[in-house]
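Both complexes below contain subunit A, partnered by subunit B and then by subunit C.
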Partner chain A sequence: MNTVGYKIKKGILYLLLIILALLCLLPFLLMMINSTRSGVEITTGFTFIPSSHLKENWEQLFKFVNLFRGMGNSLLVAVPATILCGYFSSITAYALAMYKFKGNKLIFIVNVLFMMIPAQLSLIGFYNLCMTLGLVNSYIPLIIPAVAAPGTVFFLRQYVQATLSPALIEAARIDGAGELRIFHKIVFPIMIPGVATMSIGAFIGNWNNYLTPLILLNNPEKMTLPVMISTLNAATDLQSNQGAIYLGVAISVIPILISFCFFSKYIISSISAGGVKE
Partner chain B sequence: MAKNQVMTKSKQRNRNNVAYLFVLPFVVVFLIFSVYPVLRTLYLSFTSYKGFGDPVWLGLDNYKRVLTDKFFWRAFGNTLKIWGVNIIVQLGLAFLLTILFSDIKYKMRGLPIFRAIYYLPNLIACTSVAFLFKTLLDWKYGSVNQMLISAGITSTQINWLGDVNIAPYVISIVGAWMWFGNSFIVLMAGVQGISTDYFEAAAIDGCGRWTRFFKITIPLLKPILLYTCITSLIGGLQLFDLPYLMNGPQGGTAGQPNGVLQTAVMYLYKFGFETRQTGYASAIAYTLFIIILIVSIIQFKWLGKED
Partner chain C sequence: MKLKKVVSALLVSTMLLSCVACGNNKNTDDANKDNNDTKTPNTEAADDNNTPDDSADATGDGKLVIWTLAADLEQFAEKYMESHDVEVETVVIEPANYPTKVQTALNGGQTEPDIIVGEPQMLEDFFDAGYFEDLNQAPYNAQDYADQIVDYVWEVGQDADGIQRAISYQITPAGFYYRRDIAQEVFGTEDPEEIGKLFKDYPTILETAKTLKDKGYRIFASDGELNFFSGNTAWVVDNKLTVSEQRYAYMDLCVELYKQDLTAYAAQWSTPWYQAMSGPVPVLTADSDVNVWDATEFASATEGGATTEIFAYGLPAWGVLTMRDNVGETSGKWGVCAGPTYGFSGGTYIGISSNSERKDTAWDFLKFCTLNEETADWWIEKSEGDTVSLLSALEKHKDDGNEVYGGQHLYSFWLEQAEGLDYSVVTRYDTAIGNAWSNAITAIKTDEKSKEDAIAGFYDEVEATYPELTIERE
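And then the complex of A and B:
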């Protein structure tokens, strides 16, 4: 097997994989370098050597938007939404998997049905509802719907069925534990790996969500990070200094890059798990 | 034991009643924020609702208008074109990588690190990716043209986002750049679920790499392939963020140049949230849904059929 031809072929294949990896990383590298260069420098050509205009770009950018406020707002939406999604999806999934009650099947079927329905179908009705309830410019319609996440419930229901032994619950009942206490003390800890997997996905989805906050939030004070970034399109004084635009994008991207270094293993296993739903 | 069984019946009923309490928050929120908006959109699609006042019943008029609205069909065609090229590149790349990393002859290493790097662009918010590429692809000062010129690949600047013949494919490629890592992970997870015994037995029987691929990998991957195709279609027909932000100097629903970047959901957004023809926008949403439904059923039948 270890002929020269085999080794050369294998070398070429690795080279191609590395080139593809560089293509994935290059835009981020250019972004970081360009955010340290002045608008004039950027017009003269590209380079891989950072320049010294980071501070000017920073000042110009923050005169226009306060991205840290956007980040704070995004956290204010994404953290509670993720917690609600994790907790209520688990308790719902547990009830659907382990209890026999009227309507169990119906809830499950409607749940699966809504996994297939594209979001744009409810967009107008959703906005209409928020208007009626006076929830425009409020975070409530961005957070509370996380209580009912069909995809997460579906996944966790399978998870409970695969990992939880009914005998364990029976034993706890004989010991006289209440149903809610059983869920909190025994079931939830067992579900934690599955919940963590789904929560990472939920957090990223909430953090990056654009269309829903775009239609609901028009007060600049309340805008989440993606909506705030999108307002750079209208910033004509910034358009003359691309360095500031690059910096704005960089500030929005860097927290994700850093957290990815720590969580990549979990994130990737969550995607794999989502794919093997069959 | 006997005493236990007498008690069980009534206890069990009580116990199962607790389950109603457990699912209650889910059901209430689900009805308010998922079911109601979908039904409300359906109702509004039959009315002339303009965002205020009482909706006036129009029957099927809005749907008749959608079917004959050539701008809707243009936007729909644009979406298909952008999505079609995107999915070919994205799934093609993901498939090639899957074949390579599951090859029993080459036994490529480093899967975790490559997979992580390829997946990275997925995590970045679409808005940030849109701005990053809009700036990098700027025809005058963008780094991409500067690199191509200094490498001698082209002598004049390419107007990536301003040329009607190039711009749609630029969006497709940026989308593929963002999402191929996700498709790769999903497909790879599927292949790793297939026992290597199959491949080794087939190799001993003298089957080549491509025979193994078409006779073992593809048939066993069918459920995941179906899942990937349907989710990508649902996602693809909803394409909004990238073209909305990357078109024209300031983004928006016009889909410049010349409307070639106007996707179906941008068109919906224009009526729903800019010109406030809410009823008409609702009919657009349902027309799109019906199209997605029909195509999904066809995909199910086609990919799901037994050989």
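And then the complex of A and C:
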């Protein structure tokens, strides 16, 4: 095994991976560095040496928006939406994968079809619906629709089929457990790695969601983070805001990093995990 | 094993970061790049005049909601609250998504916002859709104020039927910003009047450019500097496409500037374009295949090469602020002169939403922003050089010198430029036709097509876009 050829191959492989990682991480490093530079510095050049304008950028940023308020608002939307998405998608996926009933296939096909429709298409209709229901300028239309997530259902259905053995459920039924109890006590824990993987995606999606909150939220107090940061673009003197925009974006990435650290062990295990121990 | 862990951690963060990356790259330059000169709302019949709504301020809750795309209005709102017992809520929305936001809300019949705004190129659609309240009717009677505001601003704010629907607090005529020290050295004068003569028509600009190149300077950083001066003859007369001599002259100038290496080939709003404001920049030629948006690549590609200084920038009145922040050590060495034609770009036009339930307060705020001399005085000071549209304020500040521009009296200069604008030649076809024309110019200068082919292509494009126009090919 430990021949020179093997070591060289391995070396090349790691080198490539490291280059790839650097390629992806570099823009983020630049974002951090740019958040310490003034607008004029940013537009006139590019460097890896942090500058001294962090404080001015911070002041400029907070002169325009209350970023922590935006962060709170974003959490208020993203956390419930993620939980709803994870729970309801997994229960749907379980039903589609494990129960045999008429129309199962049809529901699944419809589900796949809906995956292909971009959400932006229905935006105006969605707005008018919210208008009629009196839900404009509230978080409900941002949270509740997370219940229906065809992409997540699709992924989890495949996941359940691959990991969950019907014998497990049959055993629980023989022991007298109700269907909901089976789901909560047995199926859901097995699905957690898959749910966590999808939840990260859902959380990031909700956290970064821009168009829907932009259209639905009218009160500056209620704006979510991406909408708030985008308002910095509206200044007359755009250039002086460049540093502040970078800083705002840098700060807004932090919760995603934290949530990722929390979920990351599930991601890794869900990629490698199998199902029932044979 | 440890290495494996490190690498997997790196990979995982890569995956995460690429997820993150999707969400946050909004086009921050959108607002800046909006260098369309004469775009306007008009000629389209607006059939949906909203009937006067007598229930103005039906809510009577002492509130006012403003949706704006320029943060300026936030400052106006704060100023307004100081002297009025009204709670103003300002929502700032980025310009790229402003029309979407306003359209969905107003189509849905929302009664808020009360104040909406628009840039000239958005106004036509907004007027057609009936979002803006008719300001000529009682109780506003906006026509009574017509002689207090610079004429062209007044006309931009009118719909096709000449009904006043929006008013702007600023004027945005275009001019050339030039280096006085270079002018002195090359032309022996730095007087704006005299330098203006070097820009008086397109052939003269070409001569000026050649003179400057012989002395080691470049006339412009990019050939986009001429965008604001691309011609002031009507594209469409009596429903017939008209390409005047002036348009051909403009085309020839753009092509020559490019082919004879008379500019520095820095794209507008790119890094070297900004750099050139404060001093020498490397010389690029049309053939050098350098990505000017990437500063490292740019620096290494041009290292050790010749450098040059840029003589002039063509920008609207708000360019005063851009220049101020970027001139660095050349501050005080700049001057502003007139271009070959009159032109303007941008400006925030304020109007009242026709759905509003607080129209009285909204009108009061609108008057406060646009027709109040005290506000204009305050804004001139607060914005450090923005040019207001109120004639009496411009008159009052006509002798104010601006130090960045060697103490030049900019307010009287901009007023002169604004008064020269002939708004009657602007038609609703201008944007599309203008773009087709500049596409043709680009095709010629990069040798993609011959002049004949490019012009034929231009006619084809206009014909396909506007079948209703009569087109006579030459």
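Keep in mind that, in the parts below, the second predicted complex is superposed on the first by the 184 of 278 C-alpha atoms of A that agree within 3 Å, B and C clash if a C-alpha of one lies under 4 Å from a C-alpha of the other, contacts with A are read in each partner's own complex, and residues count from 1 in each chain.
In the analysis below, a contact is a pair of C-beta atoms (placed from the backbone, for glycine too) under 8 Å apart; a residue touches a chain by one contact, two chains touch by 3 or more.
What you see is a predicted model; the values in this text were computed from it and never measured.
In the overlay, answer first, second, both or neither for which of subunit B and subunit C A:168 touches.
Neither partner.
Should A:264 be classified as contacting the first partner (subunit B), the second (subunit C), both, or neither?
Both subunit B and subunit C are touched by A:264.
First (subunit B), second (subunit C), both or neither: which does A:114 touch?
first
Of the two partners subunit B and subunit C, which one touches more residues belonging to subunit A?
B
May I ask you to decide whether A:226 touches subunit B, subunit C, both, or neither, giving the answer as first, second, both or neither?
So A:226 meets both subunit B and subunit C here.
Under the stated touch criterion, which partner chain does A:249 make contact with: subunit B (first), subunit C (second), both, or neither?
A:249 sits against subunit B and subunit C alike.
Please indicate which partner A:29 is in contact with in the superposed arrangement: first for subunit B, second for subunit C, both, or neither.
Touch status of A:29: no partner.
Just checking: does A:14 make contact with subunit B only, subunit C only, both, or neither of them? Give me first, second, both or neither.
both
Thinking of the overlay built on chain A, is A:95 touched by subunit B (first), by subunit C (second), by both, or by neither?
In the superposed model, A:95 contacts subunit B only, not subunit C.
Answer with first, second, both or neither: which of subunit B and subunit C does A:179 touch in the superposed model?
The answer is first: A:179 touches subunit B but not subunit C.
In the superposed arrangement, what residues of subunit A touch both subunit B and subunit C?
Subunit A residues touching both partners: 14, 17, 20-21, 24-25, 27-28, 43, 45-46, 123-124, 127-128, 204, 207-208, 210-211, 215, 226, 229-230, 233-234, 239, 242, 245, 249, 252-253, 256-257, 260, 264, 267-268.
For a test of understanding, state which residues of subunit C touch subunit A in their complex under the given definition.
Those residues of subunit C that touch subunit A are 3, 7-8, 10-14, 16-24, 26, 28-32, 65, 67-72, 89-97, 100-101, 104-105, 107-110, 112-113, 271, 274-275, 278, 294-296, 318, 321-322, 325-326, 383, 386.
Applying the document's contact rule, which stretches of subunit A touch subunit C when the two form their complex?
Per the stated touch rule, the residues are 14, 17-18, 20-21, 24-25, 27-28, 39-40, 43-46, 64, 123-124, 127-128, 131, 136, 200-201, 204, 207-211, 214-215, 218-220, 226, 229-231, 233-240, 242, 245, 249, 252-253, 256-257, 260, 264, 267-268.
Under the stated contact criterion, what part of subunit B meets subunit A in this complex?
Per the stated touch rule, the residues are 15-23, 25-27, 29-30, 32-42, 44, 93, 97, 100, 105-106, 108, 110, 112, 114-121, 123-128, 130-133, 135-136, 138, 140-141, 143, 146-147, 150, 177, 181-182, 185-190, 193, 223-224, 227-228, 230, 234, 237-238, 240-241, 245, 249-251, 265, 268, 272-273, 278, 281-282, 285-286, 288-289, 292, 296.
Under the definition above, what is the set of subunit A residues touching subunit B in their complex?
1, 9-10, 13-14, 17, 20-21, 23-25, 27-28, 30-31, 34, 42-43, 45-46, 88-89, 91-92, 94-96, 99-101, 104, 107, 110-111, 114, 116-129, 141, 144-145, 147-148, 150, 153, 173, 179-180, 183, 204, 207-208, 210-211, 215, 225-227, 229-230, 232-234, 239, 242, 245-246, 248-249, 252-253, 256-257, 260, 264-265, 267-268, 271-278
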